[in-house]
Amino acid sequence: MSGLLKRAVDLVVVMLCVATMVFVLLRAIPGDPVLIMGGLDNIDAAAVERARTEMGLDRSLPEQYAIWVGALLRGDLGASLRSGSRVGTLIAEALPITLQLGGMALLIGLAISVPAGIAAARRAGTARDAGITALAIVGISTPPFVIAMALIYLFAVVLQALPTSGYVPFAEDPVANLRHMILPALTLGLVAAGVLVRMMRRCVLDELGEDYVRLARSKGIPESQVTYRHAARNAMIPFVTIVGIEAGILLSGAVITETLFAVPGLGRLMVDNINQRDYPVVQGAVLVTAIIYVLINSGVDALYAILDPRVGARARSRGE
Amino acid sequence: MIALAPSADLLRRIFASPMGAIGGALLAIVLCAAILGPLVVAGDPLRQFLRPDRIFLPPASDALFGTDNLGRDVLARVLAGMRLSLALATAAVAVGLAIGAALGAFAGLVGGIADRIIVRAMDALMAFPVLILAIAVAVAFGRGPQGIVVAVAFVNVPIFARLARSQTLRIVAMPYMTAAEILGCSLWRRLWRHLIPNLFNPLIVQGTISLSFAVLIEAGLSFLGLGVQAPRPALGLMIAEAKAFIGIAPHLVLFPSLGIVAIVVALNLVGDAFAEATDPRRARP
Amino acid sequence: MTAPLLAVERMTIGRPGAPPVVADMSFRIGAGERLALVGESGSGKTMSALAVIGLLPAGFRVTGGAIRFDGVAVDTAAPAMRARRGKDVAIVFQDPMTSLNPVMRIGAQIVEAIEAHDPGIDRAAARRRAIELLDAVRIAKAAERVDAYPHEFSGGMRQRVTIAIALANRPRLLIADEPTTALDVTTQTQILALMDELCRAHGTGLLLITHDLGLAQSCCDRICVLYGGRVMETGPIARVLARPDHPYTAALLRSVPPGDRDVEWLEPIAGEPPRIQADGRRCRFAGRCAHRFERCLSHDPVPVATGPDAMAACHLLQPSAGRGP
């Protein structure tokens, strides 16, 4: 049990660091939120003061920090300076959308990269391998918004088949939801695939050079069986770690994609409110994003234990 | 005499591989275009021609990449934008490398509490998805190119710090460092002769990789409206402005995109070739 | 006279365009016979073994000579060889710690070998056979351990598993590439005894690759001594080791402690094994041979029959040399 406890403590420490950093960063941004939010014309000084007090912006910085951390530890993310809505609520509305986007993107990315990576590794050094690698390099060199533009051009302008912005909740209308989400998910998925293809290829190639692959071949089994049942199966283990890292990249990419496609997810929440200097919302959103990222990496570790019988055994023998 | 620059042999090996050769050629083209382009190309990136017969011209012999909604020459704008991207990315990575490497090496050498604090701080920074961090910093610095440089440098500091720290720890543990100490070498001399030259290669390799990401981040930030402001040309900004016209003038999105992709592909290819050439695991002929 | 099980005739192995790692190699193994392929590191013995089963590393090919099974020349690198691999000829490798797929249960790995050449077999029957095989290689509680993962086994036990896999389909030839080098001494003896017993029981021929003369002697009928990718001497093992015809074999014997008495000094062989170069025509061992003379440095030695089933390649044995063995 101590392993898990250590992990939890680590998580809290990192979260505190992140929270502090967010706080400091935001306060460093010049610009008074009250003035910005209210528009800069005809401000009545007294009204500004009242607004400040309401928002708690008249306290000293250390005081604000202490209040923030205190509230955090109680699970309270504060309220939006603009609308007064609970930050927790805003995030709870935006988070599932981002998760759906990320999930779909990851699935698309894996569906492309795993077979392509294996195919490239199998024919390493040939034209097919060079072609797949070249595509992957172009993939990682293209900014997400360019991919998005290309997809928009293809599907919305030329084919006129899909909408280019907006969002419909799944519960309301599953088909419309998917129609709106497919382009952003495809965008992110292609970005992810670019990175993952080369990683999968590398992982499979490394396995193909191992002794047990040679022994498998010596049994006289078909080469495809060697590739899939032996090399690829073992390659998934290091590959899964990379997928975890990729999750962070996906979260980054989601920001731009959500903004472009007007999808009301966490990323867009952040961008919109940074400009407005709505500190609590941004703080809360960034914090939640960082938590998700760390949780994903922990999840990857757990997945490792399932995929690799050696790890699970060692962990069990240590009494974790 | 310790050679600080990549040796001629290393350079040859980098560009001998197919990836390195293609990347090198592409990089040369990109650099020529960006640096020399404005001298050769006639158009002015800022000059507008608000006449119906001069706006939205498609790519043709007259205006090679066409003109945009304000009649500006797209080719000139793309070249200027490429120059900006390269300059900003290089500056940002250089700053990030300098600060990060100094921090990391310091942490590795000094150890103790300072080391632990630095490590935790870097970990916390890396827990942020990169773009979000960059956006926060860029907004903090206000509009304009300096914000971009600071933002991209900021996200690079933890990467270089971690690298420098792990390399420092490894080098300091080497027998030749202990030997130098026993022989009476002063700390500064040991650092100068042994630590810094050995840090060089991994940092440069990471630097090339970071350059390609820096260009992408810069493009993303300018797409979001941070960084240089209209009417100055920045590739991401141009694409954002062109989004509305994608139906009638797709070339306005196409050419800046090609500009970004060309730069990043070239940097990625050269960076990869560099990484392979300096990988100690590769068998030497 | 029936064709031998395996006949390697003047085989040359190498990367195209580079000097060969093995040249002009010939040996024979009859049904049920045991041949030891002996030599130092870099002598080409592993490459020869891999060539026979068709598992040469990328880039390497058999560039000359022939490999014959039952008298029929076979291209071991061709896809058709797959039908023989694991069925007529099988191999056991040196390092048991890395020879097994770490994420696959050992029972499944044995079953895989069985199903490769008997696709219609019922899964339960294959599993029973796997358990029988584990029993035959002396793994205790075979029925329980059949579902274990490789990391749950020690090195010696893993090597037993690889032997079980190799012998699953009763191959007629077993190639063992330094099967005991990575094991401790006690386990070495056990594993060797196991291989000896199983091969004898099924009349399996054995090609044993080793650098250990004692091992070769305890296990095999005939020996083939390699140096620098060339065959130096072959013959019945007892005779070759008692009265070697080739200076290299003699030097090897002097450099190894004899099992039966104490000696004051061991005589190492001066120099180092040759790097693979386009040496041109010369005896590969000439650089380190105490008996060399001018001809050794300018002409490849021609194999000379030294007995009904033995040969040696040394200029000393040529009648023209004027010097006797």
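By written order: A, B and C. Residues from 1 in each chain.
The rule is short, and it goes like this: a residue touches a chain if its C-beta (ideal position, glycine included) is under 8 Å from a C-beta of that chain, and two chains touch if they have at least 3 such contacts.
If you're wondering where the values come from, they're calculated on a predicted model, not measured in any experiment.
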What pair of chains is linked by the most C-beta contacts? A-B
Per mean C-alpha coordinates, the chain lying farthest from subunit B is C
Separation of the C-alpha centres, subunit A versus subunit B, in whole Å, is 23
Could you put a whole-Å number on the gap between the CA centroids of subunit B and subunit C? 55
Centre-to-centre distance between subunit C and subunit A (centres being mean Cα positions), rounded to whole Å: 54
With touch defined as at the start, can you tell me which subunit A residues reach subunit C in the complex? 210-212, 214-222, 225, 229-230, 233-234, 237, 307-310, 313
Can you name the residues of subunit C that touch subunit A in the complex? 53, 55, 82-87, 90-91, 93, 95, 98-104, 112-113, 116-117, 149, 151-152, 162, 165-166
Given the complex with subunit A, which residues does subunit B contribute to the contact? 120-121, 123-125, 127-132, 135-137, 139-140, 142, 212, 216, 219-220, 223-224, 236, 239-240, 243, 246-247, 250, 253, 257, 260-261, 264-265, 268-269
Which stretch or stretches of subunit A touch subunit B in the complex? 13-14, 17-18, 20-22, 25-26, 28-30, 137-138, 140-146, 149-150, 152-153, 157, 248-249, 251-253, 255-256, 259-260, 267, 270-271, 274-275, 282, 286, 289-290, 293-294
